[in-house]
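Across the two complexes that follow, chain A remains constant while its partner is chain B and subsequently chain C.
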Partner chain A sequence: MDEILFFVAGIAAIVAAAGTVLLRNPFYAVLSLVVHLLSLSLLFLLLYAQFVAVVQVMVYVGAVMVLYVFVNAYVGGSEEPRGGSAPTLKMFSYAIAVTLAVTIGIAVLGTGLKAIDGAGPENIPASFGSPANIGELLLTKFLLPFEAASFLLLVAAIGAVVLARRRRGVLTGEERIVSAMDVLAPAGTGSMREGVGAINPNPGARSVRIAPSTGAGAPGESADPPARDTTEGTR
Partner chain B sequence: MTQLTEATTVLSAINAYEPWYVQIIKTLIIFVIGFSLVPLALLYERKLLGRFQNRPGPNRVGIYGSLQPMADIGKLLFKEQFKPRGAIGWLFVLSPLIAMVSALATFMLVPFSGAPQDILGTDVGLYGLDSDIGLLLFFALSAIGAYGVLLGGWSSASKYSFLGAMRAAAQLISYEASQALALLGVVMTAGSLSLSEIVDQQGDQGIWFLVPQIVGAFIFFVATLAEINRTPFDLLEADSELVAGFMTEYGGGRFALYYVAEYVHLIMAGAMFSTLFLGGWHIPFWQDAPGFLDPFVVLAKTVVMVSIIIWIRATLPRVRYDQLMSFGWKILLPLATLNALVTAIVLVAF
Partner chain C sequence: MSTGWYLAVSAIVFAIGAGGVTTRRNPLLVLVCLELMLNAGNLAIVAFARMHGATEGHVFALVVMVVAAAEVVVGLGIVVALYRNRVAVDVDELRELHG
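== the complex of A and B ==
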C-alpha cells in the first residue's frame, strides 16, 4: 500500500507541478498548485511526518492558496496572458530559475541519492514527527532559525500593511484613532443606509466606504481592502 | 508506531492501529450515521425555529411533520440538474462533492467513547480515527471544505455566486485564525492534540475545559459560527443581498449536497464544542458510568450545542460585512492571542 500511495502521490505531484507552470489560465494554474500541495502532504505522511503533512494542508491549501484563488478570481481568469514581460524581467527570471535548479540539484545529488541505496533508518522512535517532538526541536535545537523565520514573517506582514496603506489607503481621508469601543458601539444604528454612508458619512468604526475611493485603486476593486490586506499580513 | 505490519504503515503514521476491515466498517458506519443525522438536524432546526417564531413548523408530512426532510430530499433529488451556460462544467459538478465529502470526513474525528468497546469480540474504539494530530486534521479538512464553496461560486458564472464565494474566502480565512488560536489554550491545558486525549484530560483533571477556558470557548464558538456560515455570519449566502450566495445557481441534487454539508457542519460544530469544552463522554458527578452510555452522552451534548446555534439563528440578525471583518480581526484574534498567552503563563507559573 505504501508503494501504491507513493506512486499515486508522486505522479500527481509532478503532473500538478507541471500543470502549474504550463497552464495558461491562471485560475487553473492555481488549482493545479493546490493539487500539487495536497499530493506533497500525502508524501509527507508516507515519511512519518504527519504533523508537517497536516500543517501543509492547513497553511498552504487552506490559507495561502485560498488567497491565490481569491486574487485570481478577481483579476485573472482569462485565457490570454496579461501582456508580455519586459526583457530585463525575463532575463532575471531565467537567472533565478537556473540558480534554483542548480541549488536543488546540488542538494539532491549531495544527500538525497544516498537514501536510495539504503533501507531507510533502522529504528524510528515512536515520537518521530509528532507535534510534541517538532515543538521541542523548534524550541531547542532549531530555536535560532525558527525565530529568524518568524521575525522575517513579521517584517513581511508589517511591510504588507504599510504598502497597502500607502497604495490605496486602508483609511482614506482623515486618519482616525483606533478604539475598540467604536466597534462595540458603532455610531448610528448599523443599518444598511448607514452602511452606504447615507446617514453617517463615516459609518461605524472600521467601515469600508462602498463607493469607490478617488485614490489610485483600480476600478472594481472597492470590495474590501482591509480584509485582504490583513489576511495577507498574517502570512 | 513500534510494531508495524507493511499494510498499516501509512495509517499508523496517524495512529490508526485497528485491523483494516474494522477501519472499513467504521468508515461505512460513520458515513451512514453522518448522513442520516442530516435529515434529523434539518427537521429539528425547522421545528425549533417554528417554536421560536410562535408557529408550529412543518406538521403536514408524517406524524408531527416527521417525514418533512424526506419529502424535501425526495423533491430535490427528482429535480432537473441544470447548469448555467457559462459555467465550468467539471468544477461546477465537483464543488458540491468536495464540500460534502470534506464535511462528512470531519465526522470521523469525533471520539464517542473512552476505552475501546468490545463489539463481537473485537476491541473497537468508537471513533473513526484517534490521531495525535486530530485537532489539526479537523482544521485541514475544513480548509479543504472551503474549496467546495469557493470553486462552486466561481465556476457558476454568476455575479451573485461569485460575490458569495469571495465573501467565503475572506470570511473563512479570517475566522479560521481565531478558531485555531482559541484552541491553543485547550491544547496547552490538555497537553495533546488528540481529541480523545483532550476528553480524557478533562476527566482526569476533574473539570470541563469550559471553566478554565471560558474565553477560548467563547471565541471558538463565535468563530465556529462564522466557519460554518450560521446566522449572524451567514454572509456568503445572505439571501437578502446575494439571492443565495455561492449556491445561487445550484439546484436539485447538487444543491442537496451543499445542504448536507451545511447540516453536517452544524452537527460537527456541536460535537467539536462538546468534545473540546464540555467533557465529551464524561457525565458530571458520575465517574464510573457504564461505557455504553458514552456515545449517547456525546450526542446529548451535541444536541444541546446545536440547539443553542439554532437559537442564535432565531434571535440575531445578520451582521454587516465590515462589522464581520473588524470583529474577526480586531476583537476575536487579539482576544484569542491574549487567551493563549495567559493560559501559557498560568500553566508555566502554577
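== the complex of A and C ==
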C-alpha cells in the first residue's frame, strides 16, 4: 500500500512539474502546479509529516495559488510565443537541467550513506510531526528563526504594497494619495516607475500628471503628448 | 519506502524547476518554476526528517514555506508594477536593470 501510494504520488508530482514547465498557457501551468503541490502533500503524509502536509495544502494550494491565478488574470496571461529568441539557448538550458538531475542523483544516491537505503526508524513516536511537537520546537529551540520568519513576512507584505500601489504619475488629475511614502520618496528620487521611464513622454519633466479631461479610461496608454499636463517638479 | 526514492523524486523535480526557470519567458511562470525548486528542497528536508526520526526537519520545511510566500508576494508585486507601467511582461524584454 505504501509503495503504491508513493509511486502514484511521485509520478504525479514529476508529470505535473513537467507540465508546469512545458505548458504554454500560463493558466494551465499554474493549475499543473496545483496538482504537483497536492501530490507532494500526499508524499508528506507518507513521510508522517501530517502538519506540514496540511500547511502545504492550506498555504500553497489555498492561498499562494489563488494569488497566482489572480495576478495571471490581471496581467492577462497570454500564451508564450512559440520559438523564442534563441532556440539554441533553450536546448542548452534543457541540457543543463538534465545534467543537474543526473548530478544531484549521483551525489545523493551514490554516497556511502547507509541510512538512505532504509525507511528510517521503525517505531517512531506518535508525537513525531504533530502540531504540539512542532509548536514546542518553534517556541523553544527555534524561537529566533521563528521571529525572523515573522519579521520577513511583515517586510514582504509592506514591500508588496509599496511595489504594487498606484503611483502619483499614473493617477488622473484630481486623485491624490496622501501617504507617508510622499515624504519618504518624493517625485524625482528614482522610484520604479521613473526608473522605467517608458511612459514619460518628456524626459526632462520630473513628474507627469494626466489631465482630468482625458478621462479615466486607460490612463497609462500612450496618448499624444499634448493631452498630458506636464508639471515641472510641482507637487 | 526507503529515503532514497524520495530523494530521487526531489532531485528530478528540482532539475525540472531549474530548467523551467531558465527557459520560461513570462516572469510569473519563472516564479512558478521557482516554487517547484523550493518544494523539491522541502521534500528532501521532510524525507531526511523521517530518516532521522526527528521533528526538527519539519520546522525547517515550514520556514522554507514562509520564505517562499514572501518571495511570491514581492515577485508578484513586481509583476503587477511592470504591468501597470506598460512594460512588456517578458524577461527577454526587461533591460531596465542594466545599469
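We take it that the second predicted complex is superposed on the first by the 124 of 235 C-alpha atoms of A that agree within 3 Å, B and C clash if a C-alpha of one lies under 4 Å from a C-alpha of the other, contacts with A are read in each partner's own complex, and residues count from 1 in each chain.
Note that contacts are C-beta pairs under 8 Å (C-beta built on N, C-alpha and C of every residue); 3 or more make two chains touch, one makes a residue touch a chain.
On a predicted model such as this, the values are computed, not experimentally measured, just so you know.
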Checklist entry - Does chain B (first) or chain C (second) touch A:G129, or do both, or does neither? => result both
Item to check | Between chain B and chain C, more extensive residue contact with chain A | outcome: C
Next on the checklist: Tell me the contact category for A:I14 with respect to chain B and chain C: first, second, both or neither.
Outcome noted: second
Checklist entry - Who does A:L67 touch here: chain B (first), chain C (second), both, or neither? => result both
Checklist entry - Looking at the overlay, does A:D2 come into contact with chain B only (first), chain C only (second), both, or neither? => result both
Checklist entry - First (chain B), second (chain C), both or neither: which does A:P145 touch? => result second
Checklist entry - A:L46 contacts which: chain B (first), chain C (second), both, neither? => result both
Checklist entry - In the superposed arrangement, does A:A101 touch chain B (first), chain C (second), both or neither? => result second
Item to check | Contacts of A:V34 with chain B and chain C, given as first, second, both or neither | outcome: first
Checklist entry - Which parts of chain A are touched by chain B and by chain C alike? => result 2, 46, 48, 51, 55, 63, 67, 74, 124, 128-130, 192, 195
Checklist entry - Mind pulling up the chain C residues that touch chain A in the complex? => result 1-9, 11-20, 22-26, 28-29, 31-33, 35-36, 39, 42-43, 46-47, 49-53, 55-56, 58-59, 61-63, 65-74, 76-81, 83-87, 89, 92, 96
Item to check | Of all residues in chain A, those that touch chain B in their complex | outcome: 1-2, 5, 27, 31, 34, 45-46, 48, 50-51, 54-55, 57-58, 61-63, 66-67, 69-70, 73-74, 124, 126, 128-131, 178, 180, 183, 186, 190, 192, 195, 204-208, 223-224, 226-228, 230-231, 234
Checklist entry - Residues of chain B touching chain A in their complex? => result 1-2, 6-7, 9-10, 13-14, 131-133, 136-137, 139-140, 142-144, 146-147, 150-151, 154, 162, 165-166, 169-170, 172-174, 176-177, 193, 320-323, 325-327, 329-331
Checklist entry - Quick one: in the complex, what on chain A touches chain C? => result 2-3, 6, 10, 13-14, 17-18, 20-21, 26, 29-30, 33, 36-37, 40, 43-44, 46-49, 51-52, 55-56, 59-60, 63-64, 67-68, 71-72, 74-75, 77, 80-81, 84-85, 90, 93-94, 96-98, 100-101, 104-105, 108-109, 115-121, 124, 127-130, 133-134, 137-138, 141-142, 145, 149, 152-153, 155-157, 159-164, 166, 170, 192-193, 195-196, 198-199, 220-222
